[in-house]
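Naming follows writing order (A, B, C, D, E and F), and every chain is counted from residue 1.
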Amino acid sequence: MQTHDAKRVEIIIEAVMERRLTDALSEAGVTGYTVLPVLGGSGRSGQWSREGQVGRAAGMVSVICLIRPDRLDALLDAAFAVVDRHIGVVSISEAQVVRAERF
Amino acid sequence: MQTHDAKRVEIIIEAVMERRLTDALSEAGVTGYTVLPVLGGSGRSGQWSREGQVGRAAGMVSVICLIRPDRLDALLDAAFAVVDRHIGVVSISEAQVVRAERF
Amino acid sequence: MQTHDAKRVEIIIEAVMERRLTDALSEAGVTGYTVLPVLGGSGRSGQWSREGQVGRAAGMVSVICLIRPDRLDALLDAAFAVVDRHIGVVSISEAQVVRAERF
Amino acid sequence: MDNLFALAADNLLSPIILFFGLGFFAAFARSDLSVPEAVAKGMSLYLLFAIGFKGGASVADHGIDGRLISALVAGAVLSFLIPFLAFALLRVLSKLSTIDAAAVAAHYGSISIVTFVASSSVVDSAGLDPEGYMVAVAAVMEAPAILSALWLVARSDGGGRMEAGLIREILLNGSIVLLVGSFLIGFVTGAEGLAMIAPFIVTPFNGVLCLFLLDMGLVAGRGLRAARADLRPPLLAFGLIMPPIGAAVGLVAGLLVGLSPGGLALLMTLSASASYIAVPAAMRVALPDANPSIYLTLSLGVTFPFNLTLGIPAYLAVAQAISGG
Amino acid sequence: MDNLFALAADNLLSPIILFFGLGFFAAFARSDLSVPEAVAKGMSLYLLFAIGFKGGASVADHGIDGRLISALVAGAVLSFLIPFLAFALLRVLSKLSTIDAAAVAAHYGSISIVTFVASSSVVDSAGLDPEGYMVAVAAVMEAPAILSALWLVARSDGGGRMEAGLIREILLNGSIVLLVGSFLIGFVTGAEGLAMIAPFIVTPFNGVLCLFLLDMGLVAGRGLRAARADLRPPLLAFGLIMPPIGAAVGLVAGLLVGLSPGGLALLMTLSASASYIAVPAAMRVALPDANPSIYLTLSLGVTFPFNLTLGIPAYLAVAQAISGG
Amino acid sequence: MDNLFALAADNLLSPIILFFGLGFFAAFARSDLSVPEAVAKGMSLYLLFAIGFKGGASVADHGIDGRLISALVAGAVLSFLIPFLAFALLRVLSKLSTIDAAAVAAHYGSISIVTFVASSSVVDSAGLDPEGYMVAVAAVMEAPAILSALWLVARSDGGGRMEAGLIREILLNGSIVLLVGSFLIGFVTGAEGLAMIAPFIVTPFNGVLCLFLLDMGLVAGRGLRAARADLRPPLLAFGLIMPPIGAAVGLVAGLLVGLSPGGLALLMTLSASASYIAVPAAMRVALPDANPSIYLTLSLGVTFPFNLTLGIPAYLAVAQAISGG
């Protein structure tokens, strides 16, 4: 099957920032992404778990974007404008997609 | 630690199609996969979120398969027979697995 | 944007073993990871789904670690000491991270 | 007519409707108020369990009515026929493609169980005592409309996958199984069974319904906000005209069967209501090219609120007037 | 004997059992009916909270009984011993490996709290007033069986990791903490506390139990369907023979302690029941090589339905007959 | 004084507090007891729905009080002012940075709705009949404190992003919308509406509150355990001294407004309580550099348990003494 190069960007970010991130992505022309729930984790700011939360204050989500390689920088700029001072992690990996016209 | 090449296929698909997809995978001899929940996303068919659903009609799931590289095409054929006319995204990336005899 | 090489390790493991795994990771000096919920899956030990569980006995979670390549082996050793005789899957892929000082 | 206005005003000021309105308002104001998916699903299981059981216990109490079978048949026939009316009306009013029109039509042939529950509550408050088996009629009406829609599509372009598994899947969908199962258990265990669980399914029922309709308001409001662009005036008109048409057909059927005034009002409501759970799921499988935004918005964003606020009291008033009540 | 049949028939036609049957049916018919995980877990917290509290309030009401301590000791001893019986029976009946047999044995020494709840409900309906501290006995019986199973394995091949953390984890597992904590709070706050929350934990209790058993039926049915292959006749036989054996041992212990007829029936039920929450989790940690499909299917798919439908009324009938009731 | 001790003892032995204690204990013992997130959120929706509605129905019953407006204004002013007191106290007591101190201050100006609910329950038990609109006062007090904190930060270093969207987001956060909406619906539908849903929102209320506080105990205990390192003595002192100071300010305001003894006790409780839902979320957006571990631990781990156990009965005793009650 014919496949095309793409980048897979995974952004783990505080749930309160989710809408701000996806708004920023949309503005940067990134209209394809998927949001996954996160149960817990650990990082420089310590360990947390969904069970230990009364409200939504400290939860996180994982946002996954598949994009054409040439649009990676625009995406990262938009994402970092939001993630910047916030708790969270961004990683990028190589991927192949099948229906390239969609990305 | 000794590792072996594998492919990691990620299929984001409508929840109503999940069983049809996993059945098709099984028939194609792909018996290893993991299903992750999805909270929301955006694509050509617009934005949606789990909160905005009364029933299960419009939710999505993410199905992850680790397979031996030589079986990728069989998997993609089986997956596309199901995903085809449906909302969703398929991506593939390189991976390494440790216990190769399992895949 | 300046990026740095990293490894992305994905460990799908029984929920009852989660704390033991994260404890082992911490002891091995891996303090960054994220835990995602899993809805269901299939492997050598058959098919299961979250719906089919009364308790937490048979559920699984996915633990994702981004680490510096030179620390991969320490991580895998720690992880396998726990996963070893248990149901589960470990895969590794190449990734890029932006704020390398964090990893 | 006075009666109608009084009923409508009363209805609009019931907590149930006001909580729906609160959800609608919160959605439009972009509040982050939300009911967790699991809780919303839990409440819907509760409602199905409660109305199924109460319906069955009521049939056990009144004895099996000779009209039970004819009412069930009438329900199936209504569910088969209404999609054709809806399809024809859509072709006249709008420029929807065959596939989109058929998908919408399927929703209007099928039913909304929450609309049925709200209607039962209004009918009860009016002091009527509808046939307990109307719950079973509701269950029977869920699925046939899907077949009509698939036939409409197959006739024109051969699309629409009616795979073997789908019919089984529709007939055994969770809502139908729980509703019918609870109905049968209510019937078997009767007054004694009801007494045992009434403090769970009867007394707190209206309160749970308020919370549930808060969530429906949130979902309907969010759907409507997101899909405003798709909702051109002809479609909006359809969403408001179709329910009374359905209700009228239901009225005729109900009179033929010989239902009581309360039963009539319920059958009219069922005919007027549109599905937003079982049918959308079936359409995603069978007609993936139909645009979900159109059918969901019409069913949940337009027809559901219309029936809840104006439709139900109107159907009841008509049913009472015609029955000479 | 007549008494027994009447009890069994009554029991089979109670809404609680019928909803279990509905879930079982839905699972086998491959309906997509399902209770969200969070709601199921919420209901199980509710049941533990309610029975713990009611047990404690009942002890506060009746005063502490001299037999309390001996009943707790009896529970611990039963939980330690029954696994040896189960293990021996399995070795005779089936060809399970030591590890699999030990893992299964652990389940039968421990208890199923839902079986206990269902039994309490039957015992109450029979007009008996069992000792309130039976709830505490249930808590005590959860864990010891695990130690017996690990000892059985260690003896033969040295496998089975009894790590330091595991015992603490088992003793402090959520169900035990909530059950015992609620028991103590019920005991401390007594009748006044109970009056305050009775509309939450007493009146709607049976209704919640119906919904919960619907879910249990779904899960048990799905498990059984998936694991039919593993369930060879000897295992099936074990799942049906072991409960009465456990009940008999429990009966002897209960008579030695001097329990009332209601308390006897409950202790028999506890001894006859098999765990499907706490013990499976512990087995995954301590005996990862044991096949979960075997122990879960036996415990949840065979023994649980057996006790629920036939076992409970039988144990009650025996307890009443022997107490000369 | 005797009165105070009796009240405190009574309060400490109520099931509500004991279940909080059970959760706290389970967290410290590292039990895996946990309430699913969706269920906890469902219960908090229930509590907001119930107290909002009851407050509104009570206002409808008593007629609108001339003091309603002044009470709302007083609430807003308290919420604006208390952060300045808290900030000053923190600067004296601790070495927190401006940003951390401002973030903590925002929490203490805002309110904890569960503390309010627990206080209402104690006030009711004492036979008082507080103003129904205190619920609306609670809603008004949620947000202003956030502005004060942002101003405190902006003054010193220009940090703190007060983006356009944030104010809207705070004012329309789910809790406020549901609380105020239920209040209005309760007011509009009055005694009739209340009668319709009382079996859902009144009778089981205390039981749900027990389960909810079990979860609060778990979360507070886990938070405290994880953040022990951050909780140096000066901070701990702040968490215990600030509530009485807030209560004193609330008392003065309440006397100026002319509230009844019950209303006074509630306003004192609101002033003494600290937010742990709305404000933390706002702080993550507006002051991401503030350390969440500090403000969450103080608010949820120190001040919440303090108010629940000792604060509430003390505020009530003072309110009664001063009103000459």
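We adopt the following convention: contacts are C-beta pairs under 8 Å (C-beta built on N, C-alpha and C of every residue); 3 or more make two chains touch, one makes a residue touch a chain.
Source: prediction; values computed, not measured.
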{"item": "Touching chain A and also chain D, the following chains", "value": "B, F"}
{"item": "Steps needed, at fewest, to go from chain A to chain F via touching chains", "value": "1"}
{"item": "Fraction-based call for chain F against chain E, same above half, different below", "value": "different"}
{"item": "Pair with more cross-chain C-beta pairs in contact, given D-E and A-B", "value": "D-E"}
{"item": "Inter-chain centre distance, chain B versus chain C - centres from mean C-alpha coordinates, in Å", "value": "19"}
{"item": "Between chain C and chain D, centroid-to-centroid distance (C-alpha), Å", "value": "45"}
{"item": "Contacts with 2+ other chains: residues of chain F", "value": "34, 36-39, 42, 204"}
{"item": "Junction residues of chain B, two or more chains touched", "value": "36-37, 47, 93-94"}
{"item": "Each pair of chains that touches, named by its two labels", "value": "A-B, A-C, A-F, B-C, B-D, C-E, D-E, D-F, E-F"}
{"item": "Chain D partner contacts - residues on chain B that touch it in the complex", "value": "14, 16-17, 20, 45-47, 50-58, 85-87"}
{"item": "Parts of chain E lying in touch with chain D, wherever the complex brings them together", "value": "13-15, 18-19, 22, 25-26, 29-39, 42, 203-208, 210-211, 214"}
{"item": "In the complex, chain C residues that touch chain A", "value": "1, 3, 6, 8, 22, 26, 31-37, 61, 66, 93-99, 102"}
{"item": "Footprint of chain E on chain D - complex, ascending", "value": "36-39, 41-42, 45-46, 49, 53, 168-169, 172-174, 177-178, 181-182, 185, 188-189, 193, 196-201, 204"}
{"item": "Residues of chain D touching chain B in the complex", "value": "34, 37, 40, 216, 218-219, 222-223, 226, 276-278, 280-281, 283-285, 288-289, 292-293, 296, 300"}
